[in-house]
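Look for subunit A in each of the two complexes below; its partner is subunit B in the first and subunit C in the second.
Moving on to the complex of A and B:
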């Protein structure tokens, strides 16, 4: 029993770390630009597929680079895709919430169709590193431990950037008052571009670790997008701290549900949580209401 | 040559004209006041100068036409605007708000001097370095807005209604700060509904009514003007 609880806690911690990577980017884009980017899931899926293409023999036999190269490629390519998504599409429609909403959904669905067309609909396994080790009676795969470490390193770097550098602070400042940022000479367009790049890099990273866990599939974006959305509402929209807390809360609730009820009910309690927060605490745990006007 | 010059500036919102043929000059080291009632177009004028509004006519800062550059570039070049709404960063501390004012400056030594100057100018801000801006009183927020603008190392400072809604004792603090800035030789364009305050600080003033400059002159001339006295200063 003790062993099962320890396993559940460890599993929850590991999966939450990946959820956090995904939720942070989602919340930053909402906070800075007021854009609900429903193609965020497509970006993390792109990260996982890029890794597969670059590293895995079973996808492109002629490309079998070292996993480290694959991880870097996944981060860089998705950061660029994210920037392109902003520059080529979102920038032109962001003033209209409905059009932004629809066009990013369409893009996400189109990306699924594209991947089905290229790679087929089946699940494709990708791996970072084989093997596992024992931790308090639980078996932890090496890739899970690496995912956890990478997640916290990324969060620490981001935190340092936005609280200790003028450049990063300008991003937070823009999310609080765009006019204030302009008055202090901040280039809003640059801030938005940087935000999309950061969100893309984090999504690419998170997407790869989701892929190591459950493989590549053209619909792998759907569930994490829901998780990111719920994490952001629970944590408080626009708050980086809140999105991390929200991601962990969801990770733990999901894991407890799987242990006690069964895998089929995995997503249900978090949806109830979402409804509860929307009704009774719409500002979230670290709520600053809607800092963005 | 004036550091800031407006010539025949027109601004309109759709069919309503907010500014009509406005011409105004600010020389280096001067404090110039613009007074006038609510809705006269004072804020519109400042928004246009700061690069946020389209206009016809000419607005030059340091010889450059404002419409040909960007609002961010103007701030970098020393034209700093302290708005009526203050537009502070509500969840940043006092210190972080001030840091934002200097975010584009790279000379750390000079930035530190600006911090020392601002904290010395407003000891209240010094006491509240770690307090979030949103939790401060109106007067403290006004000091912070002024402090943040000073952190940008302005050559010309534009102040929009710095005394609006403040208690007399706080207005005295702001007054004192303005006097020190004047002694430092800072150029200030002061826009105020509070004519008494503007007349006390500005060397020259313009009266803006319904989008047009109706009157201009030195502080002494305007103080003795019957129209100004009856309509704006009152019998205090």
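Moving on to the complex of A and C:
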């Protein structure tokens, strides 16, 4: 029994680390630009597919580079895609919340069809490194451990950037008060572009680790998008700290549900959590950090 | 950082160049074509003006006022729809490599009727109140699954007049379950809950054996597939009735309040009207329409499965249709459904063999419409027609 609980806790911690990567980018874009980017899931998906193309033999046989190259390619390509998404689409419609919502979600569906067209609808396995090790009765795959480490390194770097450098502080300032930031000479356009690039890079990273876990499939954007939503609402919209906390909360609740009830009910308790937060605590756990005008 | 600046410069140059090109196209091609149309259509407008006057005096109160040309347009559209079972049997199309061919498009037309019901059902709630739902396939899917479960578990010979009311009622109950907690909230939260509701329903179809898993539930068709003519009219008539009912509703005080909620919810409260109550009303009406649409779709198919009825793509398709036609215009959403469906099943079919590529192109077109014509094609067309009749732009 104790062993089972330990296993569940370890699994939940590992899953939550990836969820955190997914949620941070989503919340940053909302905090800084006021945009709920529903194509965020499509960016995650792009990261996983880019890794698959660059590294895996079973997708493009002639391209079998080292996994490290694949990870870097995934991050860079998705960061660029994210910037393009902002420059080519979101910038032109962001004055209207409804149109932004609709165009990003329709773009996500279009990306699904694009991937079905190129790669087919089946699930494709991708891997970082094989093998696993034992940790307190639990079997932990190497890629899960790496995902956990990478997630916290990324969070630490982001924290350092946003709080300790002038460049990053301008992002924080913009999310607190756009007008105020503008008055102190912050280039809002540049800040937004940087935010989309950072969010894209994190999404690419998170997407790859989702791919290592459950493979590539054209609909893999759906559940992570819901996770990002819920994590952001639970943590407080726009708060980075909150979205990390929210991601861990969701990861643990999901894991407990899977252990106690069964895999088919994975998403239900988190949804109840979402409704509860919306009704009784709509500002979330850390809602005040990024106050939007 | 310098590469970032470089990307910016390139993008800025590209966008200014693009707007230049658009300007030239507008000046040299679009405006002259528009003038030719104005010239040709002005007599039509004059011919229909007396009829439009009668229409405005008698029905204008319920359906809104029209100019002569707009009335001619509406009448032509309805005539085309009403005779669709006849001309739809063989239209002439051009297929690359094949030349001119005859096509029977009554099947896509019949299914477009069902999707038009969905698009209008989405529009009367999300389009009018501005509370965007990503979960309307839960409502139609709920009705469909209720019918299928009744047929499978109770008796496979239950007639439509028993299953249909229960299924619509089920859609309303599901609608209330979603609307009551979520519509008290403002902003994007509502959309999040509806999105999660789709994922949840999709999961439930696999978690509970009674719902048949990913293979779905087999049922017998109520509307036989063999007779395309009858099927088209059996689906067209309820669709037209719903279209008229929703148009009347949208022109009534209810429609006005729904629009006011979208434009300024605080002002609605300040006027002494409880917005939450009307948001729930709009969702309720929408649930009824979605329930009817779900029953219609169930009657025309032989299998109820999650991919066809529930998956979030279905909700997005409804939204795409309404967007193409014009958000918050009941009849625009209806037209959008026909445009979307005929593009998907007929026009793009001629040029692109790959189903996924076809959908990809189609959704990109929808995004382009959102960016460049966010009011929708039919609303733009409607106002253009009104201008020819001397209406203020």
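In this section, the second predicted complex is superposed on the first by the 291 of 293 C-alpha atoms of A that agree within 3 Å, B and C clash if a C-alpha of one lies under 4 Å from a C-alpha of the other, contacts with A are read in each partner's own complex, and residues count from 1 in each chain.
As a working rule, a residue touches a chain if its C-beta (ideal position, glycine included) is under 8 Å from a C-beta of that chain, and two chains touch if they have at least 3 such contacts.
These numbers were taken from a predicted model, which means no experiment stands behind them.
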Look at where subunit B and subunit C land on subunit A after superposing the complexes, then choose clash or fit. fit
Which of subunit B and subunit C A:173 touches, first, second, both or neither: first
For A:106, using the defined touch cut-off, is the partner it touches subunit B, subunit C, both, or neither? Pick first, second, both or neither. second
Applying the document's definition of touch, where does A:241 land relative to subunit B and subunit C: first, second, both, or neither? neither
With the two complexes superposed on chain A, say which partner A:186 touches: subunit B (first), subunit C (second), both, or neither. first
Subunit A as apex of subunit B and subunit C, Cα-centre angle in degrees (nearest 10): 90
Go through the superposed model and pick first if A:278 touches only subunit B, second if only subunit C, both, or neither. second
Partner, of subunit C and subunit B, that touches more residues belonging to subunit A: C
Which superposed partner A:89 touches (first subunit B, second subunit C, both, neither): second
With the two complexes overlaid on chain A, what is the closest approach of subunit B to subunit C, counting only CA atoms, in Å? 15
Write out the stretch or stretches of subunit A touching subunit C in their complex. 36, 83, 87-89, 92-93, 96-99, 101-103, 105-107, 109-110, 112-114, 116-117, 121, 190, 193-194, 197, 222-223, 225-226, 229-230, 233, 262, 264-268, 271, 274-275, 278-279, 282
Complex interface listing, subunit C residues touching subunit A: 4, 7-8, 11, 130, 132, 134, 181-182, 184-185, 188-189, 191-193, 195-197, 199-200, 203, 206-208, 312-313, 316, 319-320, 323, 327, 354, 356-357, 359-360, 363-364, 366-367, 370-371, 374
Subunit A - residues contacting subunit B, complex: 166-167, 169-170, 172-173, 176-177, 179-187, 288, 291
Could you pull out which subunit B residues touch subunit A in their complex? 50, 52, 71-72, 75-76, 80-83, 85, 87-92, 96, 99-104, 148-149, 152
